[in-house]
Structures are given as C-alpha cells and as structure tokens.
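Each chain carries a letter (A, B and C) given by its place in the written order, and its residues are counted from 1.
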Amino acid sequence: MDLLRTLCQLAAPAGNEAPMTEFLLNYIAQSQSSWRVQPQVLSGEEFQDCIILIFGKPRTAVFAHMDSIGFTVRYGQELVRIGGPRTETGYRLVGQDSQGTIDCTLTVDEETGELGYEFTRPIERGTELTFFCDFRETETSVQSCYLDNRLGVWNALRLAETLENGIIAFSCWEEHGGGSVAYLAKYIYEHYSVRQALISDITWVTEGVHAGKGVVISLRDSLIPRRSYVDRIRRLAREAGIAHQLEVEGSGGSDAKELQHGAQPWDWCFIGAPEDHVHSPNELVDKRDIDSMLALYQVLMREL
Amino acid sequence: MDLLRTLCQLAAPAGNEAPMTEFLLNYIAQSQSSWRVQPQVLSGEEFQDCIILIFGKPRTAVFAHMDSIGFTVRYGQELVRIGGPRTETGYRLVGQDSQGTIDCTLTVDEETGELGYEFTRPIERGTELTFFCDFRETETSVQSCYLDNRLGVWNALRLAETLENGIIAFSCWEEHGGGSVAYLAKYIYEHYSVRQALISDITWVTEGVHAGKGVVISLRDSLIPRRSYVDRIRRLAREAGIAHQLEVEGSGGSDAKELQHGAQPWDWCFIGAPEDHVHSPNELVDKRDIDSMLALYQVLMREL
Amino acid sequence: MDLLRTLCQLAAPAGNEAPMTEFLLNYIAQSQSSWRVQPQVLSGEEFQDCIILIFGKPRTAVFAHMDSIGFTVRYGQELVRIGGPRTETGYRLVGQDSQGTIDCTLTVDEETGELGYEFTRPIERGTELTFFCDFRETETSVQSCYLDNRLGVWNALRLAETLENGIIAFSCWEEHGGGSVAYLAKYIYEHYSVRQALISDITWVTEGVHAGKGVVISLRDSLIPRRSYVDRIRRLAREAGIAHQLEVEGSGGSDAKELQHGAQPWDWCFIGAPEDHVHSPNELVDKRDIDSMLALYQVLMREL
C-alpha cells in the first residue's frame, strides 16, 4: 500500500492535476518493463493533464480520475469549495503560495455556514488547499483523505500490471463539474472504436451497501446506464465468483456523466469499492473490497 | 389506435429501451413495403438501442423518444424515480424479476415523501417498474400512461407512411437526463448535412394551451430555440391552415436540449399535442390535437 | 464610445441575435480596411447567427457573446425571463410585435414574484422584450443596460483593429443556457488547431473586486480553469505592467462552460472589466477597467 499512500499524499485538486500527472508518468516509465504488456502512453498538451494508456487490441476502457476535492482561498479569510468536501471546523488543510508552505485550519461559521481558515498569515488569493493526509493502514482497512479517487487510480495501476488488451484513462476535473472525459472519450472512440467503459472510482457505504461485502457494481446513480451492458457485467461477476454488491442510487455521479452525454454511444458501468466518511479526511475502505475490485476489473477486461 | 395501444403497453423505461427497439424494428420491417418510400434503417451497437430511418434526400430530422418514466427498486421496499413520474399511493406498477412477473402498488410516505411498494414478496434490487397500462379510448380522446411519448413515436411512424425526404430518429434516455441524441445528432449532421430538427413529443395543457385547440408549436421551454427557424415554422403552419397553438414556458425540456448543447448548429422546434395529467397513469390527449400534429409534420417535412 | 452606445441599444436577446449579427457583419465590412490585418469572416447558416474572424496564424481565440438577457411574453400579462435579468417594478421594456412597437413597464407581483407588464394593449404571445437603453457616459464611467456583454463585443472589435494572429468568435445564447460555443469550439479546434481561449465578458464588482482597479482575471467561477494556463496569463499581465485584479468565485459562468465541457482540450480564462448593478438597466463600468481590459487582450493575443 506504499503506492496508495504516496498517491493520497499528493496534492492535485481539480484544475491543478499537473503534479499527479508528473508522478504517474514517472511511475509508468519506471514500472512498465515489469508489466505483461507495455502500453502506448498518450499525454501532452493535446490531452491537457490527462494520460491514456493503450494495451494491445483494446475493447474496453477504464476511467480513473486523478483530481481531488479541496478549497480555494477567496478574499480575506474566506474559502470556496473545490468539488464537495465535507467541512468541519478544525480540519487541517495544507498548501503553498509564493510566501511558502501552508498548514492551516478550516473554520465553518456556525450561523452562515461560510468557510474560512485560521493561519499565522494571510494566504494569497486563489491558493488551493487540500486536506492534510493522515494515512492509516490496519490489517483490514485503509483510511485517509482522497481514497476517492486515489484508490481508483491505484486499482488502474495494479490492473495495468497484467492487462493485455484494454485502455486506461486518467482523467481530470471529475470532482468539479468534469471537463476532460468528453475529449478522452471522443479520442478513444475515434482512434480505437472502443465504446465500453468501466468507471474505476469509489462509492458510498449505505444501508444497502456494506464495508467488506465486496466491490460495488452500480446499477444507477443520478444517471442510468444501459441495462444490457450492466447485465453482462453482473453475469461475468457471478460466473467468476467474485464477491460483489449491487448499488441503486438516485443521486451522485462520476466520469460516466460525460460518457453518457457525449457524442459517442458509450456503454458504461461504475464499479468500485465503497467507503465510509465520504469526502472527509477520514475516508475508510475495507481491504476485502479493494481486493475484489481489482479481481473484478481483471476478469472484466479479459471477458467483456 | 391499436398501434398506439401496443406502444403504450410496452415496458421500456429509460436505460432499458431494448424491448421497444425490437418492436419498432419488427414493425418497420413488416410495414415499410406499404410506405411511399422505403427508408434506410440504421440500428445496432453503434446506435445502442436507437433507430434512425433515412428517407430520400433529407433536409429535416424528426426526433421521437422511445423511453418512459418509471421506478427502480432500491433497498428493502424502497423505490427511486426514473425521470419524473407523478406519485400517488395506490398507483399500480408492473415489472419482472428473476422470480417472475410483478404487479404491485406504489406507496408514498406522507411525511417524508419516500417512495416504496407493497407486494406479496420482496422484489429484486435494481428491478424496473412501470405504470400498469389502462388504455382508454373514446370518440374524442385517448387516455393512458406513456402517451408521453408513445404518441410522439406513433406520430413518427404514421408520418413515415408518406414521407419522401427526411429522417426519423428514435432516441433513448430522454426522460432521465438524455444521452443518445448527442451522438444521433452528430451522426446525422456529419453523414447527411441535416441541421433542422422537429421534436415529436407531448407537452402540457396549461392556462395558455388547451385540449382540442390544435397541435402546440413551442416558442420556448427552459431553452429558447433560434427565432428565425421557429418563425418559418409558424408561417408554414398558418399558410397550411392547420389548427395550432403557441406555447411559452420557462421550464421543461426535451430531446432538443442535446441538440442545443451539441457541437453542431442544429435549429430545432418542439411540436406536439398537449396532454393533461402529465406523467401519471392517466395522461389524456384530445384526438383533434393528434390529427393536427400529424398534419403539421406532414407539411413541415415537405416544406421546410 | 459611440460604437458601444450603438451596441447597447440594439435588441438581441438570447435566441434572436440576428439583428446583432447583421450589424456586426456590416461594421466589419466597413471597418476592416483600416485594420492592421484583414480577417477571414466566417458566417452563415452553418454558424447560425454566430461570426468567426480569423486573423493571420491564430494561436488563441477570443469569445464574446452577442446576446442579452430579457423577457418573453407568455399568456395574458405574464412574462418569463430570458437569462437572469434583475427585476424591479417600473423598469422600462421595449420590443415589437406585428401590431407595432412596444414601450411598456415591468411589474413584479410582491407576493408571488410573478413577472408581468403594463401596456396600453395586449402584447402578442412569444414577443421578446428588452430593457430600454438609457446610455450614460461621464469622464470616468459608462452606464447602460447590456454592458454585459456589449462591452465584451466592443473590446473584441477594438482588439481587431491591431490584431495580427488570432481568432475572434461572436457567440449566441450565452445568457440562456448556451448552445453555440460547442460548435464554434469544435470548428476552431479542428480547422486551426487552436485550443487557447480568452472569454471577453463582464464580471461583478464584489468585496474583492473593485471598480477602477483594473481588468479582472478570474481564477475561477462555478468552474475551475486549468491552473497552468491561468498562471501563464497572470505572469504576462504582471510583466506587461497592466493594472488587473484577481477574482475567486464559487458561482457564475460564461461561454467557458461550453469550452470546459466540450470534446476538445480547451484552456480558457475569463478576463473582463467588472460592473456594478449587474443584469439591470443600470450596469456601471469604470473606464479605467475598460482601458486595461483592451490593453491586456492586446498583450495576451501577442504573447500567449
């Protein structure tokens, strides 16, 4: 889990994913010689801060978003949200401006709900702050900020080790309105005729989805994927005997939103481990769900 | 109206339109020999569950959505909405899961508004339920669930009988966020240079739009179409002497949303009969408005 | 400022931009002989009511929206909004229907908030009304309805006088959900490989942004642009010594929404003068901010 710890500690809020891009490109360059298949690596200005890996003859693409939630310094002591972070007075926030590193405290006005910070000096306007990473691992669980979606990225990197045919796309801005999957999806469809997608992301523990009971196959969130595609995935998961749970939600979204609304006929399905304490510094995932997530991705990328 | 009755009885909620697709492909195969022009039929995985019919040298495309509103079984006895169905305790819902057919009753919690079902057994998670179809026809009206938009589909099929030049596209997911018109619109524009659209769908009886007063030409809903295109349509409707009404709304939407926001310069106009008891099992349309709807589409597809 | 006054007086609410298109095409035809470079002018049905100007070898595109907010006449005396106009009983509204010109008064129901008009006769359903233009210029400021975004259009036209390499795109529907930038952006990217954008539009005076303190470079609104691109712009502004302010907002949007969500990897930044009395008949801008806006666009189009 050292790789996961490193990923969680890297600051890359939506809009400023470049540090994660740099880390991933280095990691891929150093690791891929030991992978079963060496992928073609697509990156650069034409993909902004995204990365696409092409393995063999792809039929299915995995999307994992690199960005995280966080905060932007507004005027005076004010903060505005990047994405939808949980907010509690006392959360430790870190960042950097031209005057140096920042290690400050989140404040939430009890009456107005307005967000602010407490620090020894004013922070420059527009500075991004992210949760301080306190990575906690036990025999059965991992806990940290940003398991959503550094665990989805980790899953994609572990999948890459044995992947023979498929595409892995690392996307940006997922936590804050999206903005990269539309062009990634267009590029992939036009160059590789691939229109099957799996969303490698983290979902919620709820009254119907429990920690430790296996990876979640989402039947719907705010959007509804094409039934026939999800049914194929459910059948493959059952046949492979991989522990999994079915999720049915009326809200929430993912990179799939851009696939659903884009101008290519993508089939998609959200498949990921569930976490507790969503969008807080204390996101908690059961290791059994991480294991079954990776196992299911390995099966699906072979069989779909 | 037997065709309309059959269309209304077919379960095809957003995301699971395949049964309707199969019906339409069969219907088209059996009927088209009697049509004035035999269209090219485009369907298959590249179009998911959508169908495109190409007649002659097209200048204008008609979009009719196949999907309906409904409910998804969540956890325990809970339901979540597909699209925006009206909900009243006692509505009869039908469906199917691996244990057999389902004929149950909708419940609405008076305090929380939460949706559920009452049935003799638990229903499997993720099962889709739709309104039971009680199709009622009189001399002057039809009443049923899902006239929105099986009547728009019916209008397109009747239009097909005499259509010489034009496109008819049957779309998916309209009731739940859209997701197919973007690629249909791109395909049509790129292959046929067509950028004029008519939205064959059903609208609302309101204080300004009355049953029996003619098909509705919508000047706007939540979106505003290009004025010059709508003005041409109004002129053609007046010149043809077809009874029609003008609608002006600040809310509501249709397949036109995806045309408006897509990356092609589509002109569009929503044209459809108005209904009462919208999104309930008792949608009610005046037959005179059905007649003028079809008549106006016939004129516009010739003249636009 | 005669050009700005003329632009502000022209009625062109979202969806009916044609009068502005006609004016701009005439203005460009008459003026471009005195411009440093004569652009290629792209317009016509393939661009609906939009206009694209191509100068030299472009690297960056400026987007300025032509449309304005306003009102549509609904049923009886009712009005519905076009975009998000401020509403106060007594605002003077003008327009035209088949019975002649209209000069009426806005009414806002104190209890329901419903909008209406008072006039000597009924106005035809679907008629568009816009604010009466009372253009007020002093030594230090301009005040009028529709400085948002006729000032952004003016800035683009003044920029055109000396522009050597670049693109200027005049867009439609920005105030009401968008709908043209998606295809403009696709066309520009595919034909010119340009993916850098500047949004020539007007923003808000707030507690952090003050009139007279210089053009605003927006670090974010409801969306977050790519950090590395905005950082380049900030550096160029500092090096050029142009007065400017940094904005950080959690809400608001612009033509950039369509760039962010489109299927091309656009970098974008909103740069514009701030105004007070936003979306009212009395929008107020400091002339120093207009000057620094134009100066910054001139620098950026050279240096980016």
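Definition applied: a residue touches a chain if its C-beta (ideal position, glycine included) is under 8 Å from a C-beta of that chain, and two chains touch if they have at least 3 such contacts.
Here the structure is a predicted model, which is why all the values come from computation and not from measurement.
Novice: Which chains, if any, touch chain A and chain B both?
Specialist: Looking at chain B and chain A together, the chains touching each of them are C.
Novice: To lay chain A over its twin chain C by CA atoms, how big a turn is needed, in degrees to the nearest 5?
Specialist: So the angle, rounded to a multiple of 5, is 120 degrees.
Novice: Chain B-chain C contact: same residues or different, taking over half shared as same?
Specialist: different
Novice: Where the CA atoms of chain B average out and where those of chain C average out, how many Å apart are those spots?
Specialist: Measuring from centre to centre gives 36 Å for this pair.
Novice: Give the residues of chain A that touch two or more other chains, as numbers and ranges in rising order.
Specialist: Each of 262-263 in chain A touches at least two other chains.
Novice: What residues of chain B sit close enough to touch chain A in their complex?
Specialist: On the chain B side, the touching residues are 14-16, 18, 45-49, 72-76, 80-82, 125-126, 128, 173, 176-180, 182-183, 185-186, 258, 262-263.
Novice: Can you tell me which positions in chain B touch chain C when the two form their complex?
Specialist: 195, 206-208, 219-220, 222-228, 246, 248-250, 260-265, 267
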